[in-house]
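One structure, pasted below without further comment.
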Amino acid sequence: MPQNVIDVAPEILDDLVAANRILADQGILDAFGHVSIRHPGNPDHYLMSRWLAPALVTAEDIVEYDLESVALTHPGLQLYSERYIHSEIYKVRSDVHAIVHSHSPTVVPFGVTHAPFRPILHNAAFLGDFVPVFDIREKFGPSDMLVNRKERGTELARVLAKHTTALMRGHGDVVVGSNIQNVVWRAYYTEINARMLAQAIAIGGGPIMYLSAEEAVLTDASMQRVEARPWKLWKQKALGRS
Amino acid sequence: MPQNVIDVAPEILDDLVAANRILADQGILDAFGHVSIRHPGNPDHYLMSRWLAPALVTAEDIVEYDLESVALTHPGLQLYSERYIHSEIYKVRSDVHAIVHSHSPTVVPFGVTHAPFRPILHNAAFLGDFVPVFDIREKFGPSDMLVNRKERGTELARVLAKHTTALMRGHGDVVVGSNIQNVVWRAYYTEINARMLAQAIAIGGGPIMYLSAEEAVLTDASMQRVEARPWKLWKQKALGRS
Amino acid sequence: MPQNVIDVAPEILDDLVAANRILADQGILDAFGHVSIRHPGNPDHYLMSRWLAPALVTAEDIVEYDLESVALTHPGLQLYSERYIHSEIYKVRSDVHAIVHSHSPTVVPFGVTHAPFRPILHNAAFLGDFVPVFDIREKFGPSDMLVNRKERGTELARVLAKHTTALMRGHGDVVVGSNIQNVVWRAYYTEINARMLAQAIAIGGGPIMYLSAEEAVLTDASMQRVEARPWKLWKQKALGRS
Amino acid sequence: MPQNVIDVAPEILDDLVAANRILADQGILDAFGHVSIRHPGNPDHYLMSRWLAPALVTAEDIVEYDLESVALTHPGLQLYSERYIHSEIYKVRSDVHAIVHSHSPTVVPFGVTHAPFRPILHNAAFLGDFVPVFDIREKFGPSDMLVNRKERGTELARVLAKHTTALMRGHGDVVVGSNIQNVVWRAYYTEINARMLAQAIAIGGGPIMYLSAEEAVLTDASMQRVEARPWKLWKQKALGRS
């Protein structure tokens, strides 16, 4: 394989770059966090930027990895140390084709408290009726909090199980989706739901009326039909073009 | 009728486009939500954009609908699935000539708690002394949370009754007004009042001093006389021209 | 007197315009609120914009008023209905040479609760150890909440007494100063202190450590010596020039 | 020594200017606060801007000081009155090569409450398991709250002790680091951690799960290896170039 050439349609890389820029522009990703997609032509590979702030990613920075998170392009470049988040989830979740890891600002607080994180906005119905929390010290004891080894990624994937989102204590969250638009929607509305839920808890006045499990299933199906609308808007805002 | 031609003065469409842009620019509308006006020449028709993020709406995107929410222009284009919010309210509220449906970020939390949502800022006096909450499951059981069928719109209009604003559990709110400037004011200050009220509740220190019912009536009358001031400012900010 | 000519140095008008723009740019004023100065050559007159959003004010919009709030320039133009806030305070506070009335977003919540509003940031030391609340219904019963009559202004000035700031229930606040830079500082840091204090209350963990009365006096004196620093920054940001 | 010439590589001054601009751009510094570095060629001198809002600092404004905070360049110019914060810390902390003093907006509230300020985000691991609070009145009684005399700086340095951060009641905080990128990271994530922790406290639902002391040590070491990533992003955003 030529060193930095990835055998996918240019639109695929363009969308992956757009996802990085959109999530940075919307404040979901800061200088950290990463977005990946499963290789559309090879389910045992995935695509993700080299070590770079998401706001600065271009198509030239996209690296191809195998499912041991070994880079197959861009020899010698620095890589995200936490790429095992992605490879270990792709291994066990064949339904997942795109992943976002972020330090989403209002999601981190939910990961260090015991308040339930459940949807109160229809756009966040994908959260379902349970969002697990990955607390790295439960299995690994005191650590540097990073999923920078294969076994930590394996454990995170185990905790995520069949869900769409897992909180990571003292760190952030991981969100999985069926495609790039879907995962960007989910990363965005995970943060929006966190902001609204934090407000609702502070307002108080009685128990929060979450979406029920049944409502979440029905609503998520409807929401997946309108993902193109925010994508177009966000892309135009982040990139100056649609 | 020619396919996409609406028989109103250009200024009318211009104001409807401006309303979409203003509410997106001010963060009241995200990629979702919609703004409509009753057709000035035909009270049994209303005007609203095709399926599009409000920030991207232009005059060419405005569709004419009848009160069954059948599009009379723009054949074949995708439409907002929740247009029944608008038609069912126009049917029963002859005083209403403009409607905004939004996922106003700080209003959603009030819709999932039991704290009263009442005005604490004079600009929000139109909220009066009661804002109803539409909880879709009360009549329809588990659903996809969307007002995407005529009977759901009918029920929402019933809950709204004679009020200016109704919260929608897990979804957002609907605000009605007598004209486009009036409804933009109301959508904007519904959010501002929600932010201030959430703060006041968190500050605590005793019961909140809301505007009384009598104050709300007197103040709303005064406020309607100054609606042109923010409109001019917001329009300049959103469109770069007044 | 020629119709719209005010007999002051151009720099005076320039600073008054800058104050309007700065406070709008910093989010203290929205489309409403106003800034005035006492006429430097005639203590029985004051200067303030005609009816206009502060962000749009230019030197041509500055009107000269007497202390009955009668406009002496710009005949026939629409004026702020609440100009009595300014004239009634100038009448009884000879130390005051500049006034800001705003709907400062985080100050309004303090005006509808019973939590004490006192300084927790050294820059807000001017708040002293007491900030009165003007509740219009105490003297006038149910009203439209506006200080749009002389007697309401008189009462507000009475409640303000010798203080720098008064909260206005359901409305906003009024801040007075010895000159334009001083009053802009005070309007800005009233809002900043409100934000920080609301946070401190929510954080909890024991009583808030406010600045003591003695600290407030000592600190306010030091702060008045550095008012030129933010003024220069804010002006450059709001006007693109210093 | 020529009046305003500092004998360091231009890149050193460029980074110090960038640090001022970055922290202003990110909202950590407002018109106040300052950033200094120890002189790379002379550990008994330090470099910091003259009296100026950080957003406006250029290389020409950088002054060289000795450890009594006497300016050795720029004769006659106005200087920060609180420069003793810097000199007194440099005197006793040979490991410190860069210092930020700020009125970080969400850190101030923690300085006036008794809630513990500890890390809940891995990027803030440098906070360790204890952040001291400097309350100026404990040693000096009522004051103008400013560290504008040598003895006040000495006391602040004593309270800071071996820690990375000290809160200053009613004022702000001071953050120290091993180099300019390190201290900018720390000033930024002190604020981010404060925002997240305030949210976590408001969310409630049980005790906060802070990073343990052991986790903080391990995580801080890993974080120091990735400081170049946000620096590049922030610099590009603040200066329009990397």
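The chains carry the letters A, B, C and D, assigned in the order they are written, with residues numbered from 1 in each.
Everything that follows uses one rule, which is that contacts are C-beta pairs under 8 Å (C-beta built on N, C-alpha and C of every residue); 3 or more make two chains touch, one makes a residue touch a chain.
Since the structure is predicted, the reported quantities are computational estimates derived from the model, not experimental observations.
K.L.:
Provide the labels of all chains in contact with subunit B and in contact with subunit C.
P.N.:
none
K.L.:
What's the rotation angle, in degrees and to the nearest 5, for a C-alpha fit of subunit A onto subunit D?
P.N.:
Between subunit A and subunit D the superposing rotation measures out at 90 degrees.
K.L.:
Could you tell me which chain lies farthest from subunit D when each chain's centre is the average position of its Cα atoms?
P.N.:
Of all chains, B has its centre farthest from that of subunit D.
K.L.:
Would you mind working out whether subunit A and subunit B touch using mostly the same residue numbers, over half shared, or mostly different ones?
P.N.:
different
K.L.:
Distance between subunit A and subunit B based on Cα centroids, please, to the nearest Å.
P.N.:
Averaging C-alpha atoms per chain gives centres 33 Å apart.
K.L.:
On a C-alpha centroid basis, what's the spacing between subunit B and subunit D, in Å?
P.N.:
Their C-alpha centroids are separated by 46 Å.
K.L.:
Counting only Cα atoms for the centres, state how far subunit A is from subunit C in Å.
P.N.:
46
K.L.:
Residues of subunit A touching 2+ other chains?
P.N.:
202
K.L.:
Based on which chains are in contact, what kind of graph results: line, ring, star, complete or other?
P.N.:
Per interface graph, the chains form a ring.
K.L.:
Report the residues of subunit A in contact with subunit D in the complex, numbered from low to high.
P.N.:
The contact residues of subunit A facing subunit D are 30-32, 51-53, 55-56, 103, 105-106, 108-110, 112-116, 135, 137, 142-146, 148, 169-171, 198, 201-202.
K.L.:
In the complex of these two chains, what residues of subunit C are touching subunit D?
P.N.:
Residues of subunit C touching subunit D: 119-123, 125, 192, 195-197, 199-200, 202-206, 208-212, 214-215, 218-219, 221-222, 226, 229-230, 232-234, 236.
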